[in-house]
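In what follows, subunit A forms one complex with subunit B and a second complex with subunit C.
So, the complex of A and B:
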């Protein structure tokens, strides 16, 4: 997305592009200093200090890395099918990808966000948005698996999401592409008249983490881009950047870049709650899915919902104010104190920093500068705390170190700019390779950043690694920020296009990380808890194989009586209860993917045999010294044959 | 009553108060067996950084970690060892009663307070202990030798019997067998009782 937009903009910055070429031409010009290896070396068998969660971008997944080593630990399947584990292929997980558009096995995942308590990441859940078919996922950080996905209706491009309030009361969603709400068949050129935006507040249950859309606010048809909730004194508010306040519907590259100032929407969500309590929310028809993975039954449960509560700002005075902000702002970031709201005006020459307390004063004294569709626009100067001059070209996002400094990524000038909160002076800058998008400091958007490192999530890789043809890995870079000067200490590749990332001290998550699924807690209706219960049952043209795996055999491992055209359900339960002993299952000619079954888990895959014969199945995950022996056969007879169902179980 | 005829013989046959107290303490230490495991067998291999092993109690066998017994049984099936199934080990059913009886007899001995009775108790206790260790050894022997002939891994001449006490390399596993807290309590208790009997013998001689 912004990679495309901004690359084009890059062309406009002839001089800068030239400088970039210079950098590209001599990547060794700012090599890491002598002690970098020491700072990033994590000895074999030792642990990293932080977990890093990167969005997988167009891979639809989430990457888990260690900092400072940059080692990749896991790819968590979220919005995309993953044949490695069977996610989205297995009967149990297919439901996670159900939407009002049917089964959507892919999305564009942008912003991971750790749940917070008192404004501090608490390590319970990780939320991430799906941009394309608007969704929000919740990942459980005990199992490092996707626990829930909720679709966001009345939205197109859920980009400003899932930023959350300081006690995870809400995660937000919005619409980057405004739409006719409700959808209808209209001429695109009627944009100004027919298109609207929406901002959604999704309530998170404090115990279970389950999400439900509490309310949506219908807003003017701009492009709602990024968000952050207030914290401390600004708790109760959430801020959303908007570009395309020009309301162009074609060639936005030019047509949405005309105004000097676009807007930040400041939403008083506590007031929204009050309006909802007063009954101001109107039920609106909306079709969307809510998919929850029931951990005890080990199955996704999909529910189709058909209504949302909608607030119209016209009926709700004081709900939203717009803060003018230069040139198509992208990121909006709130400092740890909750007082300063930093905007990344991606075409602006300065970084404007708004003051929350001045905003409240301006609201109280009605210091307005007109309105947009009835929503008051505050006076720029009345809200502005200061402007950071010479802050790099194309500033996008800002994170904080908790020591009074802010770090802003500048895409066009490909650098991180460090500046001081309060004096707005730039104190340090360091190039990134190349064209940084988001950046992340551990806890860097929370009330108490852990600081120490900043991770640059770059958009362009070029010559940083051994070349792999036209398609290259993504390039992240680690900087030590513990001293006065930022120091580049590591390049490490990441998968998909990482947009935002979150990091958290390892000890917060490590102690809760599950080792196995307890067989006793497995309440799957298809579980086979012991070999004695393993069996094969025919139900019409369906054959259900209740199979177990344990080192080093399947039970049963010889199956007969299946016919061409049957739908064969392999319900495979891994009886192991030992740490890190998964078994895999695959049968010849499987039209979906293998299953990778963790200890204590039950997973199901459907196989439709097309030919008569005898077909092997086997374990795909090297599980023991006799792994190669872990195999079996299934016999397929003609559709009209009378071969009875039979199978064998060892005593 | 000190100088009666009875008293003179009592001086011979009764235990001095402080030794008697030690005896009682030693007997009561045995109640710890109901709260602490007797023995522990640890199996060490690089693939088990989290530790693997089990503890033998009077009435049960527990893994170091929740599923260790399963894991050990799973590993042992390669070499054809029988599964350890606590439910089918009769000792776990009657050991609590034997220890209970010994504590009871110990208390009776304390009340009777006659040296021959104390000595009889110690002899009985020693027999129980030796019988227990022999029984444990036989159990380990059977466990290590009574192998399924269909086992995947067969190494002629190798026994998989864990050591009674100490450590031994069994294929890739280092088995370490040691008394646990309960076992140490029994040991300490026995030493204390032997001590009281030796000391009070000196008392007679004095």
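So, the complex of A and C:
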């Protein structure tokens, strides 16, 4: 036998060891344990345990996903036009995007919030804020459609929104970007003198869900960033983080990071209600729109409003206090008991946890440390319950599992840190890939979290998926938190930037989900409820086509007598009354999107023919075996022609 | 050999447990009764006792027919579905009501309706019709059954 060369063996061993380290060191390869697939596998035809609603970020929409599978079910059109459904294109839905700036077909959607009863998500509505042109939308969770959008006047950057009180009495809004209130033409350098913030309380009707701005509070010109309302003992209060208490107006990355501590504004909204009842609210001129989708008439109704009630803290003692909080705080989260208020100081080394009961004592004993524009600042130590040490770099947001633990996202160190409420000790931590922003636990900001999972909503995707050029998908990650140690079990991509997300057990929503719109309830003035009523009418240079669809024909399907320059309204009613039989409609040269019409719905699109000729229209949503036969023609004659209106319907 | 016994026994057990090759004849839940074969599967589960035609009900039925049925069914010609002028000469009144109320199951299980699907290639859907309205439609079709088509 040949003599064994020990050196060679060692070298080979070293190479193998090195390679295996490289191999194991590849992102993600060793991070999931053997049972991850089992935990996230939802067999074909089976349902997920939770619905997850993710903000669509700069897509302006809301994504609907299943947890634990991460499967994408629907994109709900909210603040942005959606050519897939015709939302914001059809005559019936354009009004949803009306604002005091005119038609604004886009926004930056950040924080989905499920309506609550007794501090527990009830599955009735989902609210979400539009950050850029300040708005709040309400989505109906029976239809999974946007039911209402209200514009927030006197605001810039509606970021701390639409966090809600424990019985959905109010959703809140505020100014991340302070501005002159009311607006005026001033030098930007006069920020400290002329700029103000506002905090809005938007009342939600307990039956219909309809919103109206109950009052706004004028506050010093800081950046109001995030919010949460109190619950249980702290019900009646709402908390807003403020950064840039330096009141810088340029190069904020340096100039707004000077102070050791910024602030949390604690607002006593029950007291605000009292002041409003006493008539302390001053009417201020403000232009804003309120758009409600009338489900019976199937049309958005836009109303222009011109006044809000404003409270000035100077006239309202006890309305608002500031809690010092290190440093440029971002998230502010209230634990399930309602006693602890957790702040995520982006630049802070610790997570400060404030105590609600200590706050009340400090207020009662006037334990103040100066004031900001007349608003008392409480002493840090008088309010503090404890600090979580070694909580990761750049802590942002905290959610709760209902078992006594809190989970904080740390952006800079890219991890989730689990800590114990009361002892403030960190008990577990796990990396996220990469740079987590918000995180969500089912019911994790409510009085009774369902726990089980935490979903990380990451800012950076990088090498997690097959590359798709410079622009990558957005990345969410699912962790099992049912054990002592968190376990990464799934990566799944999401649409737009998922800032925040909320989740709710599927059975709460499933049983209420609508299957069709009942034709009998369709009160649209443009509805055609039977093929016998289908018709074409000319009104001056407008032509109204009252059209029906059913598998597999349009009625009428041949139309003549339209002229170049006419405005042709196609009012299309889908006569189907069974689940999952939408029809689509498009005509050649449409300067708009298609219509996607659900069973029992009427939708309208405008077509302005530019040339003489004969133009086809057809069904765009594959509906049945004879879908390809579902077509028709519209003849366009010269502007001065005398071709009469005619159309056919099978006798 | 002992080892083969060890191998075969669990195999047999597995077959028994999964029901493969079981000899017991299972009851076919999809087997239709004679009534269902003649009258369809749906809310009408016993023979109807029809009264003389009521013209007023038939007129109400015509309106419902126009809204719920007319886009797919004409009286005298094939469209999405078969012509219905003399449907009561081909089908029992019970069958007609069950077809209106329960088309999904009729398409899945009834041999006559399966044949119709193969012919028309469109699945009839439930059009959100109340049972009392289905009887009104039936009344309308009874009138049609006795009225010759005029062209």
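By our rule, the second predicted complex is superposed on the first by the 622 of 651 C-alpha atoms of A that agree within 3 Å, B and C clash if a C-alpha of one lies under 4 Å from a C-alpha of the other, contacts with A are read in each partner's own complex, and residues count from 1 in each chain.
Just so we're on the same page, contacts are C-beta pairs under 8 Å (C-beta built on N, C-alpha and C of every residue); 3 or more make two chains touch, one makes a residue touch a chain.
Please read these numbers as outputs of a predicted model, since none were measured by experiment.
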item	value
Three-chain arrangement built on subunit A, subunit B and subunit C clash or fit	clash
Touching partner for A:129 - first (subunit B), second (subunit C), both, neither	neither
Contacts of A:548 with subunit B and subunit C, given as first, second, both or neither	second
Which of subunit B and subunit C A:530 touches, first, second, both or neither	second
Subunit B or subunit C, by number of subunit A residues touched	C
Contacts of A:82 with subunit B and subunit C, given as first, second, both or neither	neither
Touched partner set for A:516, first subunit B, second subunit C, both or neither	both
Contacts of A:494 with subunit B and subunit C, given as first, second, both or neither	neither
Touched partner set for A:626, first subunit B, second subunit C, both or neither	both
On subunit A, the residue positions that both subunit B and subunit C contact, one per complex	516, 518, 550-551, 576-578, 624-626
Footprint of subunit A on subunit B - complex, ascending	50, 66-67, 70-71, 74, 77-78, 152-153
Sites on subunit A touched by subunit B in the complex	516, 518, 550-551, 576-579, 624-626
Residue numbers on subunit A that touch subunit C, as the complex places them	516, 518-520, 529-532, 548, 550-553, 555, 575-578, 581, 600, 624-626, 650-651
Subunit C residues within the subunit A interface of the complex	66-68, 70-72, 74, 79-80, 121-123, 125-128
